[in-house]
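Note sheet for the following structure.
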Amino acid sequence: MPAYSTQELMIIAAAREIRDGEVVFVGMRLPITAFGVARLTHAPNAVGLFECGLARHAPAQDMLYTMSDPPNQLGAAWATGLTQVMGILQGGWVHAGFIGGAEIDRFGNINTSYIGGAEKPTVKLPGSGGAADIAAMSHRLLAIMNHEPHRLVERVGYVTSPGGLAGGGARRAAGLRRGGVAAVITDRAILRPHGPQGELHLASFHPGHAPEEVREKTGWSLRTIPGATETPPPTAEEMAALHAIDREGFWR
Amino acid sequence: MIDKLATLQQAVRDGIGDGDAVVLGAGLEAAIPFAVVFELIRQGRRDLELVAPISDGAADMLFGAGCVGAVSAAWVGNVSGGLGHNYRRAVEQGVPRNVVVNDYSNFSLGMALMAAAYGMPYMPVRSLLGSDILASNPALKVLQNPLSDEADPVVLVPPLKPDVAVLAVQRADRFGNAHLWGSLGVAQEAALAADRVLVLADEIVEPGVIASDPNRVVFPGFKVSAVVHEPAAQHPSPMTGIWKRDTEFYTDYHRRSRERDGFLAWLEEWVLGVPDHAAYRAKLGSRLDDLRIRGSALAAPANFAAS
Amino acid sequence: MIDKLATLQQAVRDGIGDGDAVVLGAGLEAAIPFAVVFELIRQGRRDLELVAPISDGAADMLFGAGCVGAVSAAWVGNVSGGLGHNYRRAVEQGVPRNVVVNDYSNFSLGMALMAAAYGMPYMPVRSLLGSDILASNPALKVLQNPLSDEADPVVLVPPLKPDVAVLAVQRADRFGNAHLWGSLGVAQEAALAADRVLVLADEIVEPGVIASDPNRVVFPGFKVSAVVHEPAAQHPSPMTGIWKRDTEFYTDYHRRSRERDGFLAWLEEWVLGVPDHAAYRAKLGSRLDDLRIRGSALAAPANFAAS
Amino acid sequence: MPAYSTQELMIIAAAREIRDGEVVFVGMRLPITAFGVARLTHAPNAVGLFECGLARHAPAQDMLYTMSDPPNQLGAAWATGLTQVMGILQGGWVHAGFIGGAEIDRFGNINTSYIGGAEKPTVKLPGSGGAADIAAMSHRLLAIMNHEPHRLVERVGYVTSPGGLAGGGARRAAGLRRGGVAAVITDRAILRPHGPQGELHLASFHPGHAPEEVREKTGWSLRTIPGATETPPPTAEEMAALHAIDREGFWR
C-alpha cells in the first residue's frame, strides 16, 4: 500500500511545475494546495494570483471553498480588481496558470463550455471563467484532469481555452504570442507536448499505472516521449510539506 | 447631498425594470447581492440580461425562476457543485424559457465593462484568440492591430453598458458613499459603467466614517441611485470581514435544484414564501449567527490629517 | 521573499541607467520622488526619457542638470510658479542641451501607461481629437472606429513602457510590499507597466503591517526591484498624512532658476553640495520639522478577520 | 468704491456657471473657490473632481497650492487614480470643467503649450495637463482668462484644448461628441458662443468695464449678443458665501 494517495501524488506533481519566484494563477482545490507545497519546498518566493483580485505569498490558513472566501482575503499580498490581475496576465507578468476542464484534446485545447456544440448543446458547462484568459496569456499552462477516454479526446467539441489549436504553428498563427500547455497532470500520468506539432505525449506514468493502461484511457493514439519513466513518488520532504498544509487529511 | 435610503422592495421596484441589463456578481464569489436576486424573483421581473464575470449560484436561481432573457457572462454555475442545473435546463431544454447566451471570459467581460465605464469605443485585447468564444459571441471582432506592420490580430471587445449595477458593500452612508474592501472583482468597472447603482449596505454609518478613508471608496457616491440597509444581503456568499460563506446552503441548493420540482420547492421555501430579507434572516436564525465573523484583524492605521 | 532594501545611491546606480525611460511624477503634485531626482543629478545620469503626466518642479531640475534627452509628458513646470525655466531654456534654446518633447494630455498619458501595464496593443481614446497634440506627437494615430458604421474617429494611443518607475510611498516592508494612500495619480499604471520599480518608503515596517491591509497595496511586491528607506524623500512635495508641501521651497527654486546662473547656484546649494538625503534632511533642519504633519485623522477601522 | 474686487466678481460669475448636482473638474485657485461658493448657495449637491484622483463634496478646509495637497486629501469623497476620474470624464459623467490658458481664440480654442509654434517656440508653456481632456470630453467648458488683446486672439498658434476649432460644425466633424466652451469669464466681461458659427460674443460686461473697452481689449472684432447687459454684481448671499470660504481675504 503506497504511503500517499493518487491525489496527493497529483498535488506534488503539480507543485513540481511551479518554479521559484514565479507568479502563478493557482485556482482552488488541488492547485492551491500544490502552490503551498511548492512554497514550502523548492519555490519559497512563488506568488499566487486569484482572478477575483488577490495575490498571496502563502496559501490561506483555513480551508477555502472559493477564492473569494474570507481566509483568502486575510493576509493577502494585494487586494485589487479582476482587471488588474488579469491585466498583468496580458502584460506578460504571469508565468504559469493551473486550469481544469471537462475535455482536453491531443493539442491541449480545453473545453469548459459546451458538450455537443454551442448551437444545441447536450450539456451546458459553466464556461470559461478566467480559464480562456489564463490559457491564452500565461507563459505556461498546467492542466489538471481525470484521465478517462471521454475527457482526453482527439478533438474537443468547443475550444474554450486554446492550447496548440490544430498543432504546429497554429497557436502563434492565431495571434497568441506566448504560452501553451506545458503539462497535463492526470490521476494516471503526466503528458507533455512533444515533437514539431506539440502533440501531447506520455511523459511519465504514475506508480501503479502502466503505460498501456494510460494509453487505453486516452481518447487518441497516445505516443510516448523517449525516456518516459515512472513519475517519481513524493519525497519525504514533499509529503511533510503537504501534511503541514493538509492538516485535516482532505487529500489523503 | 441627497438621502438615497430605500427599502429593498422600493429599490428593486424603482431601480430594476423588465428587460434591464443588470450586474449582480461583480464581486465574483464574494458580496453577491442575493437579497436583490430573491426580491427580483418575488417581484416577478422578466427578460433581464445578466451581466457577470462569474456568478456563484445567484444567476442559476434567476434562470430557474424565469426572470432571465439573456446572459453575458464568463461562468455560470455553483462553485460548490459545479454545474448550474437551472442554467442547464434553460440552455439545453428551454425550461422554463429559452435564454440567449453571450459567452465571455473573465478578462474580456471586465474589459467590456471598463470600456463602458470609460466611454471607450472598444477595448483591444490579446485574449480569446484561438478560442471558440469568438465564434459563439458575434459581438467580439478580430482585427489587425493598425499600429503594427506585422501580423498582429487583436480582439476588439465592445462596451457592455449595464442599466443597473447592484453592489453589496460592508458599509455606506445614506447619501450613497460606500466602503468596500477585500478582493474587488469588477465592482469598480460595473459601478462606473452602469446608468444606475444600487448599493446594499451591511451597515449604515455616519458620512464621516466613509469620508475618513476615501481610498476605500471604490465608486463615487454621485453614481449611486439608492442605498438599501440589509445585513447579510449577500448570504450565502461571504462578505470580507463580516460574513463567512454558507457552503452548506449552496450544497443544499445544488442538490435540490437538480430536478425542476426540487428547485420549485426550494424556491417556495427560501424565496417566494419569505416576504422580505428580515424574514429571511429570521428563518436562518442561529445558522446566520454562526456565519458571523467575530474575530478582529484590523487594517493598520492610515493617517489622512493635513496639518 | 527577497530582501530588497538598498541605499539610495545603490538603488539609483543599479536601477536607473543612461537612456532609461523613467516615471518620476506618478503621483502628480504629491509623492514626487525628489530624493531620486537629486541622486540622478549627483550621479550624472544622461539621456533619460522622463515619462510623467505632470511634474511639479522635479523634471525642470533634471532638464537644467542636463540629464534628460526626451520627455513624454502632459505638463512640465512648477505649479507654484507656472513656467519651468529650465524646461523653457532646453526647448527654446537647447540649453544645456536639446530635448525631444512628446506631447500628451494627462488622460492620454495615463492610457499609454495602462496600455503598457496590461499588454494592450494601444488604447482607443476620444480625447485629443481636434487638438494640435495629435500633430506634435506622431506616435498618436487617428483611425475610424471599426465597430461603428458612422464616422467615428478614435485616437489610438500606443503603449508607453517605462524601464523604471520610481514611487514614493508612506510605508513598505523590506520585501517590496508597500502601502500608498491619498490620490494615486498614475502610480498603479506606472508600477505595473515598468520593467523595474524603485520604492522610496518614508517608513520601513514589518511585513505584517502591509499584509494587514491588502487594499492599500497599489502594486504587488513582486514587481518591486528595490526598496529605499528615506524619510521625506518626496520633499518639497507633500505626502498624504505625513508631510505638508513646502511651497516656499518651490517658490525659491522658481525665482532662482529664472536665470541659468541662478539655477546652477541653486543646484550646487541643494543637490551637488549635499552628499545624500540624510544631509539634505539635516540641511532643512527645523524647516522639515515644521512640514511634518502632527495631527491624527485616522481611517475608520476595517476588519479582515476570516472567522 | 465697489464692495467686491474684480477677482471676487469673477469667482461669483464662475460659481453661477455650476448647476446643482453637477460633477465638475474644478482646478486650483479661482475655480475651486467658485465651487465652494456654488455649494454654499445654489448648488449644494455639486461634486468637485481633481485629476490627481480625487472627488470632493466640499472644498478643502485649508488653503491649497496644488490639488494633491494634504488638505484636499482629508475628507475627500473618493481617492483613486487619474485613470478613473478622467475615464468617467470620457464616459460622459462630467458636466463641466474649468480651465485657464495663455491664449484663447474667437472659437474658444485654448493654447497652453507653445507660443510661436511647436517647431521653434519662443515660449514653451507647461502643456496640457488635463486641460485638453476636459475641453474635449466634458459637457461644458468654462474658461477663465485675463482679458488682454494678446490673450484673446483671432486664432491661437497651437490648439492644446479644442473649443469650436474653425467654428460651425468643425468640432463635431473632428469627432468630438459633446462639449465646447460655454463661457469665458475674464476680468472685464463674460463671453459666450453665439450664432451658427459658435463664435465668442460679448454676453455681459463687468461693472466699470464698458463694452467699448472690452472690445478694445479683445484681439478679434468682438460682437455682442443681443441683450447683453452688465454682469449682475454679487448678491449679499454670494458675498457672504465667498467670505465664509475666503476667510483670510486672499481674493479681496
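Think of it as A, B, C and D in the order they're written, each chain with its own count starting at 1.
As a working rule, a contact is a pair of C-beta atoms (placed from the backbone, for glycine too) under 8 Å apart; a residue touches a chain by one contact, two chains touch by 3 or more.
Everything numeric here is computed off the predicted structure, so don't read it as measured data.
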>> Which chains sit in contact with both members of the pair chain A and chain D?
In response: B, C
> Once you count every C-beta pair in contact for both, which comes out on top, A-C or A-B?
Replying inline: A-B
> Between chain B and chain C, what's the gap in Å when you average each chain's C-alpha atoms?
Replying inline: 36
> Approximately how many whole Å separate the CA-defined centres of chain A and chain C?
Replying inline: 39
>> I'd like the Å distance between the centres of chain C and chain D, where a centre is the mean of that chain's Cα atoms.
In response: 28
> Listing for chain B: what residues touch at least two other chains?
Replying inline: 114, 119-120, 125-126, 152, 154, 181-182, 184, 188, 212, 215, 240-241, 244, 293, 297, 304-307
> For chain D, which residues are shared contacts with two or more other chains?
Replying inline: 54, 69-70, 73-74, 76, 79-80, 83, 87, 90, 137
>> Graph shape for the chains shown, where an edge means the two chains touch. Line, ring, star, complete, or other?
In response: other
> Which of the chains touch, listed as pairs?
Replying inline: A-B, A-C, B-C, B-D, C-D
>> For the complex, give me every residue of chain B touching chain C.
In response: 119-126, 141, 143, 145-148, 152, 154, 156, 158, 170, 179, 181-182, 184, 205, 209-210, 212-213, 215-216, 240-242, 244, 293-307
>> Going by the contact rule set out above, which residues of chain B touch chain D in the complex?
In response: 1-2, 114, 116-120, 177, 188, 192-193, 211-212, 214-215, 217, 219-223, 304-307
>> List the residues on chain B that touch chain A in their complex, please.
In response: 27-31, 53-54, 56, 73-77, 79-80, 82-84, 87-88, 91-92, 101, 103-108, 110-111, 114, 125-133, 135-136, 142, 151-154, 181-189, 237-238, 240-241, 244-245, 247, 293, 297
> Which residues of chain A touch chain B in their complex?
Replying inline: 28, 50-54, 65-70, 72-74, 76, 79-83, 86-87, 89-90, 113-114, 118, 121-133, 135-137, 158-162, 165, 170-171, 174-177
> How about chain A: which of its residues touch chain C in the complex?
Replying inline: 21, 23, 44-45, 47, 54-55, 57, 60-62, 69-71, 73-80, 83-84, 87-88, 90-93, 137
